[in-house]
Amino acid sequence: MTAPRFVPPLLALACGPGLVAIVARTKARMAGRVGPPLAQPYRDLVKLFRKGAVYGATTTWLFRAGPIVGFATAAVAAALVPFGGLAAPLAFPGDLLLLAYVLALGRFFAVLAALDTGSSFEGMGASREASLAVFTEPALVLALVALARLGGTLSLSAMLAGVGPAAWAAAAPALALLVAALLVVFLAENGRLPVDDPTTHLELTMIHEVMVLDHGGPDLALVGWGAAVRLWTFGALLVGLAVPVRTGDPWVDAAAALGGMVALGVLTGLVESSMARLRLRHVPQLLLGAAVLSVLALFLVLR
Amino acid sequence: MPTLLLALGVLLAGAAGTLALAAVPRWGARVGVGGAIAGCALGLVAAVRVLLGTPAAPLHLAWSVPYGAFALALDPLSAFFLVPIFALSGLAALYGAEYLGGRGDVRATVSWLFFDVLVASMAAVVVARNAVLFLVAWEVMALASFFLVTLDDEDERVRRAGWTYLVATHLGSAFVLVLLLLLGGGGSLDFDRVAPAAGPGLLVALGLVGFGAKAGLVPLHVWLPEAHPAAPSHVSAVMSGVMIKTGVYALLRTLTLVGPVPGWTGPLLVCLGAGSGVLGAVFALAQRDVKRMLAYSSVENVGIVVLGLGLGLVGRAAGAPGLAALGVAGALLHVLNHALFKGLLFLGAGAVVHATGTRDMERLGGLYRRMPTVGAATLVGAASLAALPPLGGFASELLLALGAAEAAASLAPAAAVPALVALGALAVIGALGAAGVARTFGVVFLGTPRTPAAGHAHEPGLAMRLPLVLLAAACAGLGLAAPWLLAALAPVVTPLAGLDAAPALAPAAATLRAVAVVEAVLLALVAGAAGARRALLARRTVAVAPVWGCGWAAPTARMQYGATSFAEPLLRTFRTLLVVRRRIAAPGGPFPAAASFGTEAPDPYRLRVWDPAFRGVRRGLARLRWLQHGEVQLYVLYIAATLVVLLAWTVGRP
Amino acid sequence: MNAPLDAILVGILLTGFLLLGSSRLVSCIRTVALQGMLLGFLTLAAAERDAVGRAAVLTVASTAVKGFVFPWLLVRVLRGAQVRREIEPLVGYGASLLVGLGVLGLSLWLGTRLPRPDPPLSTLLVPVALFTMLVGLVLIVTRRKALTQVLGYLVMENGIYAFGAGLVQEQPILVELGILLDVLVAVFVMGIAIFHINRQFDHIDTDRMAALRDWTR
Amino acid sequence: MIAALLLPVVAAGVLAFFVRADALRRVLLVGAAGAHAAATAATWLAEPAPVWGGWLALDALGRLFLSITSALFLAAAAYAVGYLRREGEGARRDFEEGLLFDNAPEAAFTGCLLLFVAAMTLVTLAQRFGLLWVALEATTLASAPLIYFHRHHRSLEATWKYLLICSVGIALALLGNFFLGVAATTGRTTLPLLVPDLRAAGPMLHVPWLKTAFLLFLVGYGTKVGLAPLHTWLPDAHSEAPSVVSALLSGALLNCALLGVLRAEQVCAAAGLAPFGRELLVGFGLLSMAAAAVFIPGQTDYKRMLAYSSVEHMGIVAFGLGLGGVAATGALLHAVNHSLGKAMMFLVAGNILARYRSKATGDVRGLLRVLPASGVLWVAGFLAITGSPPFGPFLSELTILRAALDQGRIALAVGFVASLVVVFVGMATSVLGMAQGSAEGARGGREPWLGIAPAAALGAVVLGLGVWVPSTLWTALEAAARLVG
């Protein structure tokens, strides 16, 4: 029995905010607080969608386009990445490359929207966002290509479907390296510690949050939701790789993957509460490290 | 072919007319522009007809110069390169008519003579099938563009740029000359009767240097960031958009002529391309001058094209039809795309310069609200340059990445490693390019004007807007039509990839169709989200308020995040590749006077390689000049010594 | 062998060394004149029986020009320039003599290298001719005064003439005379030039005429 | 017919010394030039019969160089009329050092100019080596006063160096004559030293003497050709002489001197010594090109720059002739191209000098704005002379380079191209610096058509030869090249 293909994106849209909540909850617990309820992100979204909007006097339509394109690209990305054993609806050979390009599109518009305000604050965030992409993209692409070589296919769904216990048994070291690389990419792409601090709004420390400073109401809601979906999508990628449960029964696999997602959320929370944020000039080293891990994995699989 | 000849004739007639009417500038210019547009239209017809499958008979007329012959042919490859040449040149001419229209002086008029000649010679380069004819066209092209670059030679910087350009192109031509003469061993120098008098390795190397200099491959690119900004913008567009592509064309033609190329060619091209791409993108990030930045981005894109060719050769060597076909096809498609978006961007930059009188990003800003058409068109071009879906630049880079990914995923290391290099390079280049254009577009068009000049900017006239809009439409169209274009490209690719390209390209076409579906979904989502927001906001208050000034008491426009500050993080990371000069006048004293900070990024290769080399040669020669010391006695001694030496040499020998 | 011929050749040889050794310009001019006359006789001595008439004409012409016209001309120039002697030449007189010896050796060697023409008139001819020619070059190279350089040119020309007179009988008289005329005009023009130089520079030291050059210290 | 070539010029030359009226003398000059050109043109229609027992005859080689000389003479004469009008009598200020000087009397100038051309004509006609020598020495003597037209010390110095160095060189060539005589002597009898006879008797010539003779001719006449390292007089003379004279020196005289060398090479080839002579020509050619490459970059005097470029181009011609075969044809074509192009540039240089009153490259700015016509011609001439299409020299250099590569002499080809490139860069720096820029300082004004038209005509021919080499010309060049062997 096969699961309907539109499950993964729907899951992302639905559970993305939940993942955010799990991370926040974990961090709170580690800090000895109770923390917000798991439904908090959903409430925020609803509230924001109800609000009106305020736009900067200098801005053009690009400022308004930013959140929308960001959300749309995140959703499309979610529709490209399988969840556990569940193939993605838009899967095709070569979609791993498209994934990178689609995310780049979202980033591009986010940056332009930030620059549109003319506020040096948001310009700073835009600059950092654009800069870090230079290091995350190769890391991501090379990691995915290594996977492709392992699975012998250019389709994410197919290659992740192939990553079962057998694959781990065959190429454990390479896969481990890839998991590590993708974890770093996951943290960086979603503005998590140690790369970015999603909680503060202190211009010296943050990247992603500062870009959306002038967004409000539905726009901010779209931004937040899009970010959650992105988080979920990358998580799905990571979990699909790290949780090699391929029973053939999609629901079982999906359940395992869900468990994996929860674990990933907790793990992220642990990382965030145990690590300090890196100084910005050291972030590239970290990301280059991820790229290096991917390259090492490639050499392992090239043999 | 007759249509093409007619087109060339019209172009030359326009040139002659301009010259004849130089005395009455207004009419001379009109004739020149008219000739250019009409000629380009005709030529476009001829080229497209060939691409659509009606072959053109080659032409071979006797030409009474040594080794010369009027040998012209219009095969798919030539036709393919003719399309951007004529399309962009025609639009640039229309644009230039208004751009230069303001100044009715003789020089501006005569520039149309050179413009028409430039277009004609570019076309001739592409269709020539005889070495002498090719060389003549090649040099005329260089000279015509040189005179266009130095149109405003009162400016010392323009003069220096012109010198650099002339010297660089002439150095390249020397290699080309030797290459072509070696290529045509035996009696004739026609391309269809080549008998290489040297090994393919040497020939390929000569071609790489000679044509690479024209195409702007690092480290032979130094003339490009000088010359392209110096020229009038419509000329910059033509030079950067299509003229440097003649170098790519010539390289391709050479590869088809030299016979079996050595195995190292493919990997070498990949590395050269990757190097040019990354370095070009980094240098572009460091520039404050809009047109200089665009010139460097041309270096970057030529790098991508060459990288694609390298992939094609690698695939050919590895017997992987997919890689071979995709590499070449992606490269060719990128040639087309780059011609369109770079032309578009230069024209847009020209409109900005025209309106504000400065090319310095730090003095611009907020132009989108003042020149919306230019802004929108430029945005399309920028997005295409950043290889963002669903635009043309994305399609071609995706093809290259696809080929590389397939090779990396399936082929033996010998082919997979170059493919991986290409893939990594493409990822870095893509991100850098995106950052670069986001920076440029954002700083120039978004935010608030940094100077009054930028504040008073105005939309240009129709003659300048129309080309922008058309080019923008073309950029988008190429992206959406990519799957079908690929099929049309097959006959061009076949001879270069050394296999029947149509089947090899079929899977890629399928992928592109799938991509098109995704893009459709994306657009639908965007529309849906936009609609939803509109619905939500319909019942709410939508206020417009000043942007929060980050807590500054009196924020000024100059406090915006500028081009320099935007690029700073990346430049810090890549500082080893760069030379960034900072001019700092720090505030000091109890009552600090005006303080200033500025950066400029001169070309490191010029600074560290070429200038020292030229200086060294000049010094060495200067040291030999004591020979002409002015003392007649010693002059006579030279004669005596020569005589004695020669006598000893001949008579002395038994 | 041809005794008078050898005698004349030796005489020419001596004049060569004399020129290298002497500093007084007037005596240099005289020496060159003497050399010119010797050449005239050389023509006569080297002539074959059937070509005596031709030789006689040439002898008269060249003796007249080289023995009388040139000295007269040059002495006048000398007067105009008011210089008596070649003060400190670029290469001293002793050294010049040594150079002369070297030159002699070189020309003897070259003479041996060049196979004789079929009628060996005199083994000395080729070496002496070359020697004289080279001495002329040495004079031009090592002396300062423009006048000495004219003399050097003349000496060189004499050497060449000696060669021709001794070895090539075929040269038609017309050509010979043409050559003589050219040399005459040349010396004449050079004389004028020296006159102008003296007027322009108040000296005739050619090594101080080095304004035209592509190299500055 | 040959008389028609010589006599008018000689007569006019002698006459010019005695004609009082300037106007009449100028008419005489132009008239003689016209007659000379007409007679030369006639020789293309009908082969002139040898006269004077074959001493004077016009073979393909001579006709080629005669035509060059004649064409240049016509242009120079037309230019000279305007030039002499501009100059004129009386003392003037020397713009380099501010000294007062005056010009040589115009009568002497015109007379010497005509006699100079007559001597060059004689060179192209002479089939007899002795006569050739006499004529070449005559060219030196007739042109020396021309160089000393402006009577200041620099031109005097140049004249002296020219006289002395060329006379010495020519003297060596005379020795070469005698060696040739010896080489042509068998038993008691000597062949007449006529080119045809010697060629006919080639194999019987005495090889070592012939070799030495060729060396002496090469060094002797080569001094006048301006082959490095014998070129030392050339930049001085060309830069100090009036531009119209420089044009003739560079465009016509150097070729005539080269003809002397070629005559010797003809005989060598007949005696089976062709390779010997050719190697030497190639060597000197390349050396001359290298010398030009040394002195042209950073050259501060644009007339000296042109002079060195002449050294370079005579080197190219020698190089091509040395390679032989197609290269020789190309070399002769190059001789034509160079003569016309260089003469044009010297004439334009005269205009520039007249306007800017300075020979220093650095003092000339904004030429294209101050003197539009001269500026365009100047830039065009630069492109032509450096071998850029669509001008003639490109084709001839291409032919030569092609031959070098075909003979597999890669090293030579590399040297050839390298020096061409260096020279291009050097000249580009100077010429562009002069042509471009704004025109502050010097004010514009109309240019005398007599100063433009001759140069423009020459330039048009060079351009024409770049896009279309008439087959008749090509066949004539091939015939001439075949003569060289």
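A, B, C and D label the chains in the order they appear, each numbered from 1.
The rule we apply is simple: contacts are C-beta pairs under 8 Å (C-beta built on N, C-alpha and C of every residue); 3 or more make two chains touch, one makes a residue touch a chain.
Just so we're clear, the structure is a prediction, and the values are computed from it rather than from any experiment.
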Higher-contact pair (C-beta pairs counted), B-C versus A-B: A-B
Remotest chain, subunit D as reference, centres from CA atoms: A
Computed distance of Cα centres, subunit D from subunit A, in Å: 79
Interchain centroid distance [CA atoms averaged], subunit B/subunit C, Å: 69
Centroid distance [mean C-alpha coordinates] between subunit B and subunit A, Å: 36
Whole-Å separation of chain centres (CA-atom averages), subunit B against subunit D: 44
For subunit B, residues that touch 2 or more chains besides their own: 625, 627-628, 632, 636, 639, 647, 651
Per-residue multi-chain contacts in subunit D, two or more chains: 160-161, 164, 168, 208, 212, 235, 295
For subunit C, residues contacting two or more additional chains: 113-114, 137, 140, 149, 206, 209-212, 214
Touching pairs - complete list by chain label: A-B, B-C, B-D, C-D
Complex contact set, residues of subunit C against subunit D: 48, 113-115, 117-119, 133, 137, 140, 146, 149, 153, 156-157, 160, 163-164, 167-172, 175-176, 178-179, 181-182, 185-186, 189-190, 193, 196-197, 200-201, 206, 209-212, 214
Subunit C partner contacts - residues on subunit B that touch it in the complex: 625-634, 636-637, 639-640, 644, 647, 651-652
Touching residues (chain side subunit C, partner subunit B) in the complex: 90, 106, 110, 113-114, 134, 137, 140-144, 149, 206-207, 209-215
Footprint of subunit A on subunit B - complex, ascending: 365-366, 368-369, 375, 379, 383, 386-389, 394, 398, 401-402, 405-406, 408-410, 413, 416-417, 420, 423-424, 427-428, 430-432, 434-435, 438-439, 441-443, 446-448, 507, 510-511, 514-515, 517-518, 521-522, 525-526, 529-530, 532-533, 536-537, 540-550, 557, 559-562, 565-570, 572-573
Contact set on subunit B toward subunit D in their complex: 63-68, 132, 135-136, 139-140, 143, 150, 153-154, 156, 159, 162-163, 166-167, 170-171, 174, 177-178, 181-182, 185, 189, 197, 617-618, 621-622, 624-625, 627-628, 632, 635-636, 638-639, 642-643, 646-647, 650-651
